[in-house]
Structure formats: C-alpha cells, structure tokens
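Both complexes below contain chain A, partnered by chain B and then by chain C.
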Partner chain A sequence: MMRHLNGRQRVLLGLIVSAVILLTVCIGGAFCGDAARVTDFSRKNLEPCLRYPFGTDWLGRDMLVRTLKGISLSVLLGMAAAAVSAFIALALGIAAATLGKTVDAVISFVIDLLMGIPHILLLILISVALGKGFRGVAWGVALTHWPSLARLIRAEVMQLKESPYIQIAGKLGKSRWYIAGKHMLPHLMPQFLTGLVLLFPHAILHESSVTFLGFGLSSEQPAIGIILSESMKYLVTGKWWLALFPGTALVLVVVLFYVAGENLRKLTDPGSVHK
Partner chain B sequence: MKLELKNVSYQYKKDGRKILDNFSMTVEDSQRVGLIAPSGYGKTTLCKLLSGYLTPDQGEILLDGRPVSSYKGYCPVQMVWQQPELAVNPRLRMKEVIREGDEVEERILVELGIEEDWMNRFPAELSGGELQRFCLARALGRRTKFLLADEISTMLDLITQSQIWNFLLREVTERKIGLIAVSHNQPLLEKVCSSEIRLDG
Partner chain C sequence: MGRKVISILCAAGLLAGLLTGCSGKSSEEKQAADKDNKDSVIVTMPTTSEPESGFDPAYGWGAGEHVHEPLIQSTLTTTTKDLKIEKDLAVDYSVSEDGLTWTVTIRDDVKFTDGEKLTAEDVAFTYNNCKEKSSVNDFTMLDRAVAVDDTTVEFKMTKPYSIWPYTMAIVGIVPEHAYDENYGQNPVGSGRYIMKQWDKGQQVIFEANPDYYGEAPEMKKVTVLFMEEDAALAAAMAGQVDVAHTAASYSDQSVDGYHLLAVQTVDNRGFNLPVAEPQEKDGIAYGNAFTADVNVRRAINIGIDRDEMIENVLNGYGTKAYSVCDKMPWYNGDSEVTYDSDEAKRLLDEAGWKEGHDGIREKDGIKAAFTLMFSNGDSVRQALAEDVSNQLKEIGIEVTTEGVGWDTAYDRAQSEPLVWGWGAHTPMELYNIYHTLSGTGIGQAEYSPYANETVDRYMDEALASGSLEESYELWQKAQWDGTTGITQDGDIPWIWLCNIDHLYFVKDGLKVADQKIHPHGHGWSIVNNVDQWSWE
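Moving on, here comes the complex of A and B:
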C-alpha cells in the first residue's frame, strides 16, 4: 500500500497515525482515572499476564490503567504548558523584531539568560515557588521552554521585513496589518506549529523528571514520574514490570510526538509540494 | 507630473563608499529615460531611492513637489525589481499576487502574454520570465505614474523581450506614465528611451 502513495501522502499518513495514537491514549487515560486508584490486595504483585498486561503493583493496582492515566496526565500538562510557551515565544519573537532596538536588546538578553541556565533547575525553582502540584509544574514548563523558539521567530521576522515582496507590498499601499496577516503569518505558521509540537516531548519529559525528583505533582496523582519513582523501591525485589512498561510508554509517546512534529514540518515546507 | 532628484547623496552604512554624490535629475511623465552605467555604479540604488524604498542621506526626491516618502498608501512611483523570484511571495498563488496591484486591468495581463492557468499556480511553478510579467502587470496598476524598470528583461529570450518592451512602450505612451529603464544593453535603451543618463560620469 505504501508504494501507491507519494511522499506527501506517506508523511500525512504518518502524521495522522501518530496523532490518532496519542489522542486515543489521552482519551483512554482520561476515562480510567478512578480505575487507576482501585486497590485490591487479592491481586497484588502480579507479573504481566493476559488479564493484567502490565502487571499489578504492591497495592494490587492495575499498572496498565495507571500507565494510561499517567501518560494522559503528562500529555495534557505537556500540551497546555507547551502551548503557553509557544505563544510567549511568538509574542516576544515578533516584539523583538519589530519594536525597535531597545526592546530587541532586552528580549535577546532574557533569551540568552534563560538559555544559559539549565532547564530543569529553573523548572524546579518555579515549580517549588508556585507550590508544586499541577499548577507549579505547568507554569514551570511554560516559562522555561520558549527561548529557542522565540529566537527562531525573531530571526525569521527580521529576515521577512527585509524581503523585497514585503517592501513591495508596502509600496503598493498595503497596511502593516495586511502585510503581517497576509505575508508574515503564513511564513511563520509552519515554524510556529512545528516548534509547538516539538515542544510537547520536551515538556512531557521535563514534567516527568521534575515529578520523579519530587518537586512536581503530588504523590496521590498517578503521573508517570510518580509511578517511576515509587517503583524504584520495588525494582530491587525483582518487580521489573513496575518500571519497564510505564517507562517504555513514556519514551514511545515522546517518539510519537517527534514523528508528528517532523512530519508536520515536512508537510508545511513549500519546497516539498511536488514530492 | 514631475519626478525630481535634488542634490542627492547616498551611501550604504557599512563600506562608506558614496554611491551617489550630489546627484540631480528630473523626469517628466511624458519622458522615457534610460539609465546606463557599469555594475556597481548605483543604478539599482538610484531606482530604490526614486521609488521611496530608501531615503537619501542628503538632498530630496520630489514627486509633484512633495517628497516621495511622504506619499501614504499606493505609491505612484512603482519599481519592477531585477529578480522576480524575490519580488513575489512564494506562498501566494499568482492571482493573489496580481490582486495586490492597484486594480490591474485584464487587458494588461493578456497583452503581457500571461496565460489563464498560470493564475492558479505558485511562483515556484513558473519560470523567471513568466514571473517577471506578473511583476510588470502588478506594477502597472491604476494609479501608477512612473515606472522604474530595473534590468527587467535580462532573463528573457529575445522574442519575449521585444514583445514585452513593445507592450510597455505602447502602455506608457497611452497612459502618460514616465518610464525610467535601467539596462546594460545600450542598443535596447537607444531603441526604447527618449533620453539617456550615464551614472559613470
């Protein structure tokens, strides 16, 4: 079947498949919130079997359900935080490129400053300052992930401002808003969308690591980071399934987001119209 | 209408070499002026100054007694750029590119040899010569009073060149548009223009 499709259709198929899998996991996880908390001591510490494909933990909780719930929690948090982050990037990037030298200098300095500090450190600081929990992590991720995208957008807008067709549009009497909407935004959109999607995996991984380190979500929430840090204690007793499956699931989700982002980039690249 | 340069000097900030030094010229809308000079003598810079893309360091550029840069909205002095590939947005279809002009007449498109099905294509799907016709058509909108043609025909074959120049000559004479043509091609300028200005002294 793959041979009948051209390059663009194959890329589109890849994008759709990864998006559908991610959506299914999210929606599935959202519905099994209660099931993830059910404890049943008659089935504790079961190895993976047909009934419980991911096994059960020391409280008899179904690890498959917990993993699904954890992933969906991570994905939702990652998406919210990445979206906020991307919009900060868009606003600051455009502001730096259009509002004159002083604004540009200030924003560029902040970008360099933030890029000089390790993400995870800043994230922990913000998360703790905001009282941990969902809110703390979400803001932490949102406020630390925008600099690289902002720098990209700034450069892009600066280059666009100088391009002949935009100068010509000005001489043809087009307003600044028309030029921004008709000429600049369509150019920025692919960069922005791809940047946004490629922020998700970062956000998810950082959320999980902060939670794993104990500065993130509280321990009653079945987040992936919580699941992994709790299962650390039981790994030495030979209960390998407690960490292996949730960990693999997390890696898979991250990879799927990368695939989706890369495919999106290929699709929106005007040079690839004929592939 | 009259387009005049008065004692204009201009230099690009970086290298500090003066491209134009105390330069003056006047063009009436009934005139067809040819600009001729070797590469690097500021032909394109002069065009950009005349059409308001650049502002002079000294001196002034007046259109009907008013500085060109003070015209808000549609600029009556329109320039056709040397590289048509850069002058159109690669993400817009050609019909949208034309729509940016000032109510460009259907007749102009036909006379420039623009075919119906090109209108739905993207710039990447047309050749340089085909794109240049669109750029010319876009610059020949209703309110255009002066047309600056900066090496517009270098990428075209001889037949297309003559087709386009013949059309341009008819068009600017009929509509009383002033034409300033830039080229390395001396015979072409002699044929097209009523007077010539040399930038190299």
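Moving on, here comes the complex of A and C:
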C-alpha cells in the first residue's frame, strides 16, 4: 500500500499514526484516573497474564493502568513544559536578533551559561527549590529546555533580516510589524513547530529521570520515573515485568514523538516540502 | 553465511570461557573462605548504618537515633535479653535520695587498647563531652560528671532521672588522652573489638581485642559491608557474605546454603492522630477536625486487622503492635485490642459520623477522611499506608496516601497523620511521644498534638522514682491506670500497627547467638553479641 503513496503522503501517514497513538495513550491514561492508585494485596506480585498484561507490583497495583497513567502524566508534563520552553525560546530568540547588540549579547550570554550547566543538575536545583512535586518538575523542565531552540531562532531571524526580500519590503515602506508578521513568521514557523515537538521527548526523559532520582514527583504517584526506580529493587528477585514494560513504553513514546517531529519537519520545511 | 557461523562459534566459545572462568574462581574463593571462616564473619548492613561522623559516641555511635552496643568501646552498664540492666564497666551504682546524684564505681583492671588505664576521669570526660556535643541524643538531664577518685564517678543531674542506667548502657567510654576531633575516624576503646580498617562507603573491619577484660570474643574478625538490600541479596546468592540483611519483600527467596533468620523487634510502625482541634501558630497548622474526636481514634484502632496487614505487607514476618514499647519491661498489656470492625462502625455511628451516599461517613459537613503520609521511597511504610487506606474504607473512612520528604513531614504531622517508625531500649521514648512539651508549639506533645495531665504526671513520677522497678510500674500507669491513659479506653492519640521482624540470610553452619529484641533500625543491633557467634 505504501508503494501507491508518494513521499508526502507517506510522511503525512506516519505523522497521523504516531499522533493518534500518542493521543490514545494520553486519553486512555487520563480516563484511568484513580485506578492507577488502587492497591489490592490479594493480587500482589503477579506475573503478566491475560487479566494483567503488564503484571502487578508488590502493592497489587495493575502495572498496565499504572504505566498508561504514568505515560499520560509524562506527556502532559512534557507538553506543558515544552510549550513554555518554546515560548521563551521564541521570545528571547526574536528579541536577541532584533533589539540591538546589547540585548543580543546579554541573551547570548544567558544561553551559553545555561547550556554550559548540565541539564539534569539545573533541573534538580529548580525542582527542589520549588518544593518538588508536579509543579517543581514542570517548572524545572520548562525553564531548562529553551536555550538550544532560542539560539536556533535567533540565528534564523538574523539571517532573515539580511535577506533581499525582507530588505526590499523595508525599502518599500512596509512597517516592521507588517514585515515581522507577513514575511518573517511564516518562515520561522516550521523551525519553531519542529523544535517544539522535538522538545517533548527531551522533556519526558528528563521528567522521568529527575523523578527516578527522587527529586521529582512523590512516590505514590504513577509516574514512569517512580515506577522504574521502584522496579530496580525487585529486579534481583526476578520480577522483570516491573521494569521491562514501563521502560519499553517510555522508549516507544519518545520514539513516536521523534518520528512525529521529523515528519512534521519534512512537511513544513521549504527545503523538503515538495519532495 | 560462513562468516555468521564463525561469529556464532566465537561468541559461544567466549561465553563458555566466561562461565567456566566464573565457576572456577568462585569455588576457589569458597575454599579459601572456608579455611579461615572458623573465627571470622562477614555481615552486611544498610548503607544508612555507616556512622557518618565516625565511631564517636558524642556523634551518635551507639547512642544515636538507633541504639546498639558500641563494640569498640565498653559501657558502664548493658541491657540484657529482656531489657533489664546488667553491669559491665560499673561494679556498683547507686542514686541519692533526691535522685540528683548517681554514684558509679568502676572496675580497676580495664585498659584501653593503647595500653593506658581506663579511669573515672575518662568516664567523666566522656559524659561531659557527650553533653556538650551530642546533637543526636538528649543529655539535658545531666548537669556534669565528676571523677571523685580513680574508680568512682559522680553524675550530677539537673532533674531526677530514674532510667539513667539505660543511658549508661549505650554511651561508650572514650579515652581522654587520645580524644580529639578525629577520634571518630581512629577510635580507641576498651571494648571487645578494635577497629582495624574503615573504607568509607564500603566496609569496616573489626578485630578482637586481645586484652579484653571480659570473656575473649570467639569471632576474631568481623567485617561489616554496607550495601542496599538488593545488593545484599545478590551477595548472599554469590556466597560472599555470612549474614545478609534483607527485607520482607525478599523473604520468599530461597538462597542455597543460607537460611532465613527472623529476629523479633520493637521496631514498630504506627501513625499519629492529632488530638487537638485545628488551629494555627507560626505558620504551622496544628490539630485535625476529624481525628480530634476520640471515638474516631478508637474506631480506627479496632478497625484495623493487624494480622491481615502483617500477612499482606510483611509476608507474615512481624508481630502485632499495640504500643511503642511492646515486650519491654515498661509495657502495659492493657494496650492490646482485638480487631472488631462492627464495633468500630458502631462507635462511628454513635458519634454521629453517618455514612454518605458514596460510602464515606460525614458529620456536620466534615468528611471522615484524612491524608496518611509516609516517607518517600520507604516501600514498607508505603504498603502499610495503602493497607490502612484499604481497611479503613470498609468502615467508611477515606484515607488518601501521600509520599513526603522528612523536610516537611514533621511540620505536617502536626495536623495530618504520618507513618512513623519507633522502638528503643529506653522508656524515654514514651516520654518523647506522649509528654507535653512546654515552650514550643502549642503546649502539646512534640510530634503530634496531644496533652493529658495525668499521663504527664505519671511519667514525671517515673523519672523521679527511686528504683527502676518502681519506675516500670509508673511507666505502665502512664499508658493506662484504670481510668485514663493512651490506650483504646483512654485517648489513643497514636495507632500502632506492627513490629517489623529484622530478617537476615544466614549462612548454614553459622550460629548467631540469641538476640535481644532489636530496637528501631536494621543495622548494628545484629552484631551486639557477635563475640559469641560460632561456626559449626
């Protein structure tokens, strides 16, 4: 079937499929609600079976529901954080490129500074300072992921400013707002969207690693990081399902986001859009 | 194709080599281990047991949050298996009429391992030093220690303190002449063992003290490895250790050549129920509208099936707890209750907590609900909290669980129940939990709002009493005197769930001497009597 489709259609299909899967997981997780926290000691430590495809843990919690809920929590957090990050990046990137040399120097310095500090360290710092929990992690992820995108947008805007058609528009007497809205923004959009989507996997991985290390969500929450760090204690007794399924699910989600991002880039980037 | 076959063969060869290499090595190791095993033993402990500030009693070695015998140093007294007092360095001790002066005479024949004699000066120095520096143990009842002559030391107290012998049982005597700020790293004592080597973050090696004044230790060498429970289990599976600490969640594992040893403890878990009505002071909320009702607290106490809980959470490795001091000489048996959910429901109905449409009770707009906190990452406490939640739902109480860090837990516990772990070899713990605290908070007990004048009075009297036997009775009366107290028929401000057995995988052939009831803390208690262990 793939053969009948042209490249663009194939890319579109890939994008839709990954988006649908991600959406299903999120919505499924959201509907699980409290089921992920139900404990039942009569069914503890069960191996994967038809009734509990992902098995149960030492509190008798259904790992499938817990994983779904964990993933949806991660995705939600990733979206919120990526949105904030992308917004900061857009604002700072444009500001750096258009507001003159001093502002540019300051913003570039901040970007370099943040990129110089290991992500995870800064994340832990912010998360702990804000009292951990959902809020701490969300802000931590949101405030640490913008520099690379900001740098990209800054460079893009600077390049655009010098490009002939913008220069001509300026000479023709168009206002700055008009140029920014009509000429620059459409050009920036693909970069921005792709950057936004590609932030998700980063944000999700960082959320789970911070939680895994114990600086994030508290341990009754069904977060992937919590699930994985708990499962470490039971690996030695042969309870492989506690780590395998949630871990695989996390990797899959990250890969899907990456695929979606790449496809989105192919669809919107002028360089490849007509292939 | 050919290449593939070759590579598979190579891989197989490599694997085989690895396997034989491993097994060959381990059997060699085993033989080597067997040879010098006869008088040495390797014990694992949780990483948290490693003393951060070294082996210095002033910084909590032996006399800290988790009490145990200090091994390297000797103590004036010791506790026996049934937690009565026996003498060690002390030959005799007595207390004055007013309870303000303790006079202790000590043995004359004791030397530190550096050859110097242990005198009353050293004893006085140790206690004065602890009073000055200890941040982990309370020495406020001691005014000062004075050496009267070489073998007599006097403790001047700030208030009568009848249970002083229990403090004397945990403070290891340090040499005044060899004490400086680095003492904890290179401890010198007069105890059964000498610390030979300490690789921080890994292990401590003890060797028997050849000049020990008591019975010579049977185990000449004791190695303590610090590791997490899963690593300890792996070490036992590999046959590398003789005693591996473990948890209930691993108790169903069988390890070849090892058997499971379960030691009874007073390492209890329970939760507080704030007694006061809600109020706020200095930004901290005190009290809880729901648990302020005594009938609620009584219903919770009998609405929990402790047997089922122990089976569910601890795989059966635990005993039911009804107080903070079960099985101790100062425990009052009236604390015991039987599980009766019908009676619990009746109590709640009678007190006006009527079931709503969602099965959760309420009264005057207040829901029969509370948040039960547990320390983040502690799987046993989490499981206990979850089981409490499940069980209390049956009698119409909604319990939400929440993992918290210790940085906020203490303050929040003033208004919300928290799962605690206690259990010590001194009745002072009753005082710490139930006695009101003047000067801080709202004039209630320290960890959870509670105040009862009669209970306070009994405990004050117990501390002021002339002998330990007398004080035991008063401590018991503080729990229940027939009309009031802290038990089911009294105010029941704390609910006690279970005492957690301390579990160890012990290598077959090793005879671990009878243990006294372990206190809170799954660490050093096991080696209290390592000198009496033997190999068959």
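Definition applied: the second predicted complex is superposed on the first by the 274 of 275 C-alpha atoms of A that agree within 3 Å, B and C clash if a C-alpha of one lies under 4 Å from a C-alpha of the other, contacts with A are read in each partner's own complex, and residues count from 1 in each chain.
Heads up, the rule we're going with is that a contact is a pair of C-beta atoms (placed from the backbone, for glycine too) under 8 Å apart; a residue touches a chain by one contact, two chains touch by 3 or more.
Every value quoted in this text rests on a predicted model; they were computed, and no experiment measured them.
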TODO: In the overlay, answer first, second, both or neither for which of chain B and chain C A:Ile168 touches.
DONE: first
Open item on the list: For A:Glu230, using the defined touch cut-off, is the partner it touches chain B, chain C, both, or neither? Pick first, second, both or neither.
Closed with: second
- [ ] Applying the touch criterion given at the start, work out whether A:Leu59 contacts chain B, chain C, both or neither, answering first, second, both or neither.
- [x] second
- [ ] Name the contact category of A:Thr24: first (chain B only), second (chain C only), both, or neither.
- [x] neither
Open item on the list: Quick check on the superposed pair: does A:His187 touch chain B, chain C, both, or neither? Answer first, second, both or neither.
Closed with: first
Open item on the list: Just to be sure I read the superposition right, which of the two partners does A:Phe41 touch: chain B = first, chain C = second, or both, or neither?
Closed with: second
Task: Shared contact residues on chain A - chain B and chain C - done: none
Task: Residues of chain B that touch chain A when the two form their complex - done: 51-53, 73-75, 78-79, 81, 83, 86-92, 100-102, 122, 124, 138, 141
Task: Of all residues in chain A, those that touch chain B in their complex - done: 163-169, 171-174, 182-183, 186-187, 270-271, 273
Task: chain C-touching residues of chain A, taken from the complex the two chains share - done: 39-41, 44, 58-59, 132, 214, 218-221, 230, 232-237
- [ ] Spell out the part of chain C that touches chain A in their complex, as residue ranges.
- [x] 228-230, 233-234, 249-250, 253, 312-313, 376-377, 379, 382-383, 386-387, 389-390, 401-405
